[in-house]
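Consider the two complexes below, in which subunit A is the common component and subunit B and subunit C are the respective partners.
Presenting the complex of A and B:
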């Protein structure tokens, strides 16, 4: 078991490094020039030359790649062209915001998804089941930016229950509990947008996983013993279908990060998604690469955690 | 008896006068009502302190204190306005800094950090006397060393506009004593006073930046300036809080306690936040939303301006590639211009937020724009005749074909491309539709700004395109680059048309070397008359921005240091 974890952890390094290489090449092949963004429509030839030399943009792609990767291996992700600040220091304060959004939406969507999935399976092919299925298909088909806009207009602007933007109220100076409450109040809408879509997927998967087993022998046996419907579903069918649900939750972490770009943009949530967007618009390559590498690492680690969790859910699984 | 009544009358009058003064200083005062004595204080209706202040020439009671929440669309990342021209940085940071001079609403230089200045006859030496009472936010005195350092080490290296226009012309900056600065030029240099405001040349503290890379100094994230507001805090991606500078050299100002710059990237969310009341001030609003907001007149006020922190006096301009066979023909360019209904661009594309261009230079540069010029008017009959005469023939409604056109095979179609940023797509659609009326086929090529710049300025791979050229405060700074034959080349947003005219080149140089505004004006008039004859560009519409703010607040300036005199009623 320990050996397995160690082996997988060692594999993480080349995987993330490979992702870094590919991302580096892709980002550099994309058209656009950071100096042009810095000049913002002004500047003469001498300015361009000066800035290109300052950031070594005229070095060959191979040289730049070598410099970048050796620096990354030493833990140096470079400095932003735009702000002159170290990439690590730019990313750090935003990780918390994105994690808060991602984790809360995954937790809520798992709870909600499981609940509706179980309810639907319990009432399979009856009204409740059909209602859950149809709603979840509808929600999954709706683009997240649309859901976000509608929720913003309805709950923030029309009803005024939640704030329209940001992680805290403008100029908020409270600390401790007041701060936590203010953050939570701002979290509700963006978190819900992400959670709605995730929970619809989880609900459908849970429902199908359970219904598939309702004709299995062990369920018939349980039923024959006179156990109630709900008890059968919860105790006997759910557990076996959980592996596939956990796989989905694990693999959704990447979706949550990418979905967060749109949600963070619309709700002005100060996380990594906003940084991805602004750094790619301004061709701030070191920052963009830094965030993408971080997300790649998160996805790879999450996959490992998912694999490990199978052992707990299903004792038949043995990892070697 | 008479004496007694005189005394009585006198005392009654003085009592009344006293009463009046009392009412101005102690009883509740309505904010924004006229007042007499500058600096006098009283209480507003909700107990908010009010002071008597002169705002844009009017003396009114102005509430003191309170917060102003301003939406900004981009997290600036750096708050050092001297090291960049990026609009996001300037929007968020200018209130913490000052320039040597300020430009009033007619672009006249007025004292800011410099209290006075003299220029020698040849316009080669500018001498500035600096204010002695100015202190940096950390308490250090402001001196001429700060000015010299900021120019030598920051502005002339990293501020792309100031560098491009001044670096080659400037011989040296000399500081005879701590409160005098001399700018010494190699030859006569006219435009200097227009490029010393907080946007073009904000002054940084030398004692903090000396010996560091100014683009990487940690102070860029917690700046020390001289401006009306001091740095408070900066939460990445969320907001920047600026606090009132109580030691500001303009005594009594500013009136707000805090300005909170809130990062809201999505413009629809900005509008929602504004309507919900959590944001007080928007820099601009998309056309359809603007119409809807303006319909609710009571709650909002607006301010329309040509000046933005990222660039002033911007004009949407069509460039024709003078090195392509079709567009190198003057008659074709004139015909395209005649077929453009520019009023339709104004109404349908920018929803009236601007004006149809009347001269090659923006009307915002009030002294320099060309008077009495006749830009080709919307007239498809003339356009058709010009195209016929150029050898492009065709029946009504069909695309024209070439008959003996130089550089074009006979029978080939009159088809040109049009490069535009995706955000300018509606300009492209209208351009295409209007040119089709006279038998010109347009292929739209939307490109993001990076690839756009490469295609237009490096590869010259285009027939026509559209660019928002910001003309700036002086033709030397923002306009010359469009027409100077020395500026055809790989630099983005230089001479896109590849226009070459020796006379225009030398007249621009002459205007730069002239100090006298009326002489410069006549030189620029000559240039514009020539440009209208040559039509290297199609000057479409001048764009303006509409600031929208809650009617609780007021006193905003349409230009630099926009909130220096702003106030909000609690």
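Presenting the complex of A and C:
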């Protein structure tokens, strides 16, 4: 088992490197000169020369890629073209915000999605099942920014129950519990937008997974023995369809991060999504690369965790 | 229920088809149908929906209803452009992979796998921010990153059709590879392909809208995502700019998915 974990850990490296490589090549092929960003549009030829040398912009693509990769492995993500600030220091305070948003929405949507998926499968083809299915089709067709803005209009601007933006109230001084409550209050709306989308997907796929299992022989046997419907759904069908549910949740993490970009913009949530937008608009390549490398690593690690959790759910996987 | 019932799915099929048709017709005739030029100031800024401006106006007084009609044009152009690229790549890769098998199949499927895990949204952000946005670039980047799922479907279908009796029969009667592919295999996988394509296109539409929303739309054409994105600053005073463009996207994407869904269930 340890060998399997190690082998999977090593597979993380090429994927993250692939993302770095693609971004590197794209940025390089793009028209325009990074020096202009560095000099904010002014400066003379000598200054340009100095900046080129400082950021090693005249090295070949391969050399730059090599320098960057080895630096990243040592934890050095370079400095911002725009402000000269260390990229790590710019990213650090934002990681927590984005993780809070992503993890809370994944946890909530898993609970809600599983619950409705199970209920729908239990009442397959009846009213509740249809309602769950229709809702999930509707939600899947709605742009996330639309859900976010409508919720903002409704719950923040019209009803005034939740704040419109930010992670804490302006000028908030409290600490400890008061701080946590204030953050939670700000978290509800952005988290809900992501959770609504994820939970409808999870509900639909859980339902399908369970219903597929209900036709299986061992389920028929359990039923023939006189076990109740809900009992069969929970104890037998759910257990066997759990691997596919876990796969879904694991594969959604990338989706949650993309969704976070839009949601962070709308709710002024100070996370990595905002940093991606601002750095891509200002062509601040080191910052952009740093965030993308981190997100790629997070997505790949999450997939790894998913794979490992199979071993707990399904003992047959352990034998391979 | 005692009320006379339509066969299952007919109502949805009718609604979905009309939804898609309305979108396409508006896209085609927007310049003649729209009450105003969507780029011109034709009223007061931030005017609420009224008879003169059924969906209100934006900050400087451009008509939102006309903007949404022209937005249909942009979304249809992008969606069909992406469809062309995706279908061309997916059919080529899927057919070659499924028909030849062996090492070619292995290599092509590895490549497809890479494209499946590439974070499309982030890649698109980087590409559009650095190369500048435009309808052509949106089509290329979304097309090049969206074909892998469909290629797998084509490959799987090709594999199963290839083994079938009628393909063997055709080959026994001297039908060559090219002829077999075009006369026997393609027509047989077309229905499944169409189902997956409609679902894929609704996702492409949402992705394009999100990119436009965050400010990466073609500066020379109006799109639904761009309109919705422009609302963010005046959300307090002009709810209509946020609500209606998104509603147009929702209806169109819903029609596309329902169309694929109903067709899929009829197979």
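Throughout what follows, the second predicted complex is superposed on the first by the 276 of 320 C-alpha atoms of A that agree within 3 Å, B and C clash if a C-alpha of one lies under 4 Å from a C-alpha of the other, contacts with A are read in each partner's own complex, and residues count from 1 in each chain.
Simple rule for what comes next: a residue touches a chain if its C-beta (ideal position, glycine included) is under 8 Å from a C-beta of that chain, and two chains touch if they have at least 3 such contacts.
Note that the structure is a prediction, hence the values are computed from the model and not measured.
*Asks:* Look at A:266 in the shared chain and tell me whether it touches subunit B only, subunit C only, both, or neither; answer first, second, both or neither.
*Replies:* Once the two structures are laid over each other on A, A:266 reaches both partners.
*Asks:* Which partner chains sit in contact with A:275 here, subunit B, subunit C, both or neither? Use first/second/both/neither.
*Replies:* Once the two structures are laid over each other on A, A:275 reaches subunit B alone.
*Asks:* Tell me the contact category for A:301 with respect to subunit B and subunit C: first, second, both or neither.
*Replies:* After superposition on chain A, A:301 lies in contact with neither partner.
*Asks:* Using the superposition on chain A described above, determine whether A:124 touches subunit B (first), subunit C (second), both, or neither.
*Replies:* Touch status of A:124: no partner.
*Asks:* So, A:311: does it touch subunit B (first), subunit C (second), both, or neither?
*Replies:* So A:311 meets neither subunit B nor subunit C here.
*Asks:* Check the residue A:97 against both partner chains and state whether it touches subunit B (first), subunit C (second), both, or neither.
*Replies:* first
*Asks:* Scan A:283 for contacts with subunit B and subunit C and give back first, second, both or neither.
*Replies:* Both partners, subunit B and subunit C.
*Asks:* Would you sort A:169 into first (subunit B), second (subunit C), both or neither based on which partner it touches?
*Replies:* So A:169 only meets subunit B here.
*Asks:* First (subunit B), second (subunit C), both or neither: which does A:45 touch?
*Replies:* first
*Asks:* Which subunit A residues come up in both lists, the one for subunit B and the one for subunit C?
*Replies:* Touching subunit B in the first complex and subunit C in the second, residues 31-32, 149, 152-153, 157, 265-266, 277, 283 of subunit A appear in both lists.
*Asks:* Note which residues of subunit A are touching subunit B in the complex, please.
*Replies:* For subunit A paired with subunit B, touching residues are 31-33, 36-48, 50, 79-80, 82-85, 90, 93-94, 97, 149, 152-153, 156-157, 160, 163-171, 265-268, 270-271, 274-275, 277-278, 283.
*Asks:* Going by the contact rule set out above, which residues of subunit A touch subunit C in the complex?
*Replies:* Answer in residue numbers: 15, 18-19, 22-23, 26-27, 30-32, 137-138, 140-146, 149-150, 152-153, 157, 254, 257-258, 261-262, 265-266, 276-277, 280-281, 283, 288, 292, 295-296, 299.
*Asks:* Could you please specify the touching residues of subunit C with respect to subunit A in the complex?
*Replies:* 114, 117-123, 125-127, 129-132, 202, 206, 209-210, 213-215, 225, 228-229, 231-232, 235-236, 239, 242-243, 246-247, 249-250, 253-254, 256-258, 261
*Asks:* In the complex formed with subunit A, which residues of subunit B make contact?
*Replies:* Listed in rising order, the residues of subunit B that touch subunit A are 67, 69, 74-78, 83-87, 157, 160-161, 163-164, 167, 213, 215-217, 220-221, 235-239, 241, 258, 260, 262-266, 268-270, 272-273, 275-276, 278-279, 310-311, 448-451, 453-454, 470, 481, 487, 489-494.
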